[in-house]
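When the chains are written out, they are named A, B and C in that same order, and each has its own residue count from 1.
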Amino acid sequence: MSTPETTPDDTDAQTETDTDAEMDLTTTAGGFACKIDAADLETYLEAYATLVDEMKLNITPEGFTARAVDPANVAMIDETLPADRFEHYSSTGGTIGFNLDRLLNILGMAETGDRAELELDQETRKLQIQLGGLSYTLALIDPDSIRAEPDIPELDLAAEATITGAQFDRGLTAVDMITDHLTLRVGETDDGEEALVIEGEGDTDDVDLELTGEECLGLAGVDSEAESLFSLDFLKDMNKAIPKSTEVTLRFDDEHPVMIEFDALPNDDDGELPVRFMLAPRIKSE
Amino acid sequence: MSTPETTPDDTDAQTETDTDAEMDLTTTAGGFACKIDAADLETYLEAYATLVDEMKLNITPEGFTARAVDPANVAMIDETLPADRFEHYSSTGGTIGFNLDRLLNILGMAETGDRAELELDQETRKLQIQLGGLSYTLALIDPDSIRAEPDIPELDLAAEATITGAQFDRGLTAVDMITDHLTLRVGETDDGEEALVIEGEGDTDDVDLELTGEECLGLAGVDSEAESLFSLDFLKDMNKAIPKSTEVTLRFDDEHPVMIEFDALPNDDDGELPVRFMLAPRIKSE
Amino acid sequence: MSTPETTPDDTDAQTETDTDAEMDLTTTAGGFACKIDAADLETYLEAYATLVDEMKLNITPEGFTARAVDPANVAMIDETLPADRFEHYSSTGGTIGFNLDRLLNILGMAETGDRAELELDQETRKLQIQLGGLSYTLALIDPDSIRAEPDIPELDLAAEATITGAQFDRGLTAVDMITDHLTLRVGETDDGEEALVIEGEGDTDDVDLELTGEECLGLAGVDSEAESLFSLDFLKDMNKAIPKSTEVTLRFDDEHPVMIEFDALPNDDDGELPVRFMLAPRIKSE
């Protein structure tokens, strides 16, 4: 690290205040150096790892940003780790590529509260990681060899429901018992109440989870009677990154992609870690 | 549901009292409707699932009854879920068949205290299940296509021992270390005390668990010196349904079937869930 | 058992005092009989089981001793279960052989505080084990049919570091992420401090855990700059027997075997259970 750092253990609160005040976003000798709670970085990378094996990470003055599309071109992710989540963050900008599992493995050795320090060695093109007494040298991958970042379209979607991560998980688990396709739908219940319906139709059995406007955290566009079918496998992968206690906003329409947005660190005072997934619909065979 | 139901959470005690008083066993429009603690129903089905994959369930005014024999014709089960265990129970009588795993999967989504509501749709021949906001439609199987219910013989068996589920489990685990056959025996210990002995003889090693009259909850017929050999695999399957804290009564004789009887809900104030297994003996090769 | 025993539960402290005072190391009728906390015996055998499947156990007046070398002749173990760890111990001396998994299985049935009683039946050449109501008869193996005990050389090794079991485990886990060889090294850090370094070099990535003299419980011979490479698989097997809370002393030199010594029962008031592993170095391919 090019800047002197106080130890995180005894001066945590003070360090964070100082960092906020003095955040230095000018170029470091190595082009990029940062220090962050290892668990935050792990959460950020795990969302990305639900779709791809290699990460193309943009190191911008505003923080880390990354977008990716899965090999089948069906699911996308767009996520940001804001610079103010770091204890120290200095970057000249740039993009690096690496194997996600390797970096997740090393972060997995962190104990609660451990800080990870990352520094780019521009000469060797390797990333130096310091974590709880460990030094790890991670070989980078040429970002141009990684699948290009997708454009994530801005769509005007009629239905919008906000539910808890736990409700989303419950719907997925129920549908998973009988089929590998999941229907999202808005409409009226038998009692005439507005509702979001998560539904699965098996060969012989059916299941649905009906969440009325009252049971949702937010529900709009029910008049549209929007309904789309999605691959459950992708939703289950994405769901691994969705905390049970977060708020998940689902935006969808008839046979359009669904946008799934949530804060991956809902119980944290240091601000949001916003993740956005997009999943293309399956066309219902008649 | 054809009758209005108060929500279980806030009026539990009252509902149960009312139900007991007003229990309606007359025919419902759908032929059958009930409401019960999902965990109780799950426990009932799990005992049955230790022997077979498809269930033939008799819906009688007294409650659910079911008997089955395993495909090899070696092990039988007879169990009853009494009507007074239900919060609501109405039936015209009849028998339904279904895949056990499917119903167990949906019940597995219950949280503590969740009530399951079951209603038979006579027109579609499907079972409607409501559980914690989920609606599940379960296709039924023609009960005539399921193996016929066995007659479980009343046998006069000389030895009878009552032990805890934990003791039974301990005996099975010990024998399982060295062989796949288990001997049940009554007799005297080296110290001249009456005892139940659970025994295994391996190719080179032997193991036994000796439970004296004092260590058993009950012990009778020791004079008979009854002894029989059983397949451990079946006993291990049955044991999955035997709570550690229940009382298990074993009745056996020389080369006769063993009767294994226990209450599957021993720590419950709402009465018993009696299960009876029967297992045919193996003939000892000399 | 040839001596009357009080029950362990109510008179533990007293029994142990008596046993210490009256320890009878003269020959018993059966040649060997003992009584010990089942968990202590299990811990003793588990260390041995990290290297071999069959145990050659010497029953000496001082207690159990055993040495073994793995089939590839790379790793050795030498461990002692002192006689004063037993509640009762009587032996005429001798060596027995047995299958480790079988004895570990039966000991695995012990509950906390259970005593295991072992007695050798000289006529049948079987070991009788009494444990929590169970009687187990274990067939012995002719000790001459088991690989001969190795001589463990006394080596003069330049470097000696004492660290916690947790630190040792952390080093192994880190190296295991990228390679199957581990380097032990002493030297100076970039800051000029003396340190033990546990290091792994992968095809593209490197990792090391640097423990300075202050972070170690003891560190000597750093001037030697000793360094050796070892097979990680053997270290991982050995590590299964090393409690996180124990002190591990590592003694090594340039391309010499490493001696790994620890107390397998660090949190026990009844004395030590000393284990010594030795592992031959791998020659570094240039």
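Quick notes
Here, a residue touches a chain if its C-beta (ideal position, glycine included) is under 8 Å from a C-beta of that chain, and two chains touch if they have at least 3 such contacts.
All figures in this text were calculated on a predicted structure; none of them were measured in a lab.
Listing every chain that touches subunit A and subunit B alike gives C. A turn of 120° superposes the CA atoms of subunit B on those of subunit C, with the angle given to the nearest 5. Taken over every residue number at the interface, the positions common to subunit A and subunit C amount to under half, indicating a different-residue contact. Rounded to whole angstrom, the centroid-to-centroid distance between subunit A and subunit C, based on C-alpha atoms, equals 46 Å. Among the residues of subunit C, none is found touching two or more other chains.
Subunit A contributes residues 170, 173-174, 177-178, 204-211, 215 to its touches with subunit B in the complex. Within the complex formed with subunit C, the subunit A residues making contact are 102, 105-106, 109, 133-139.
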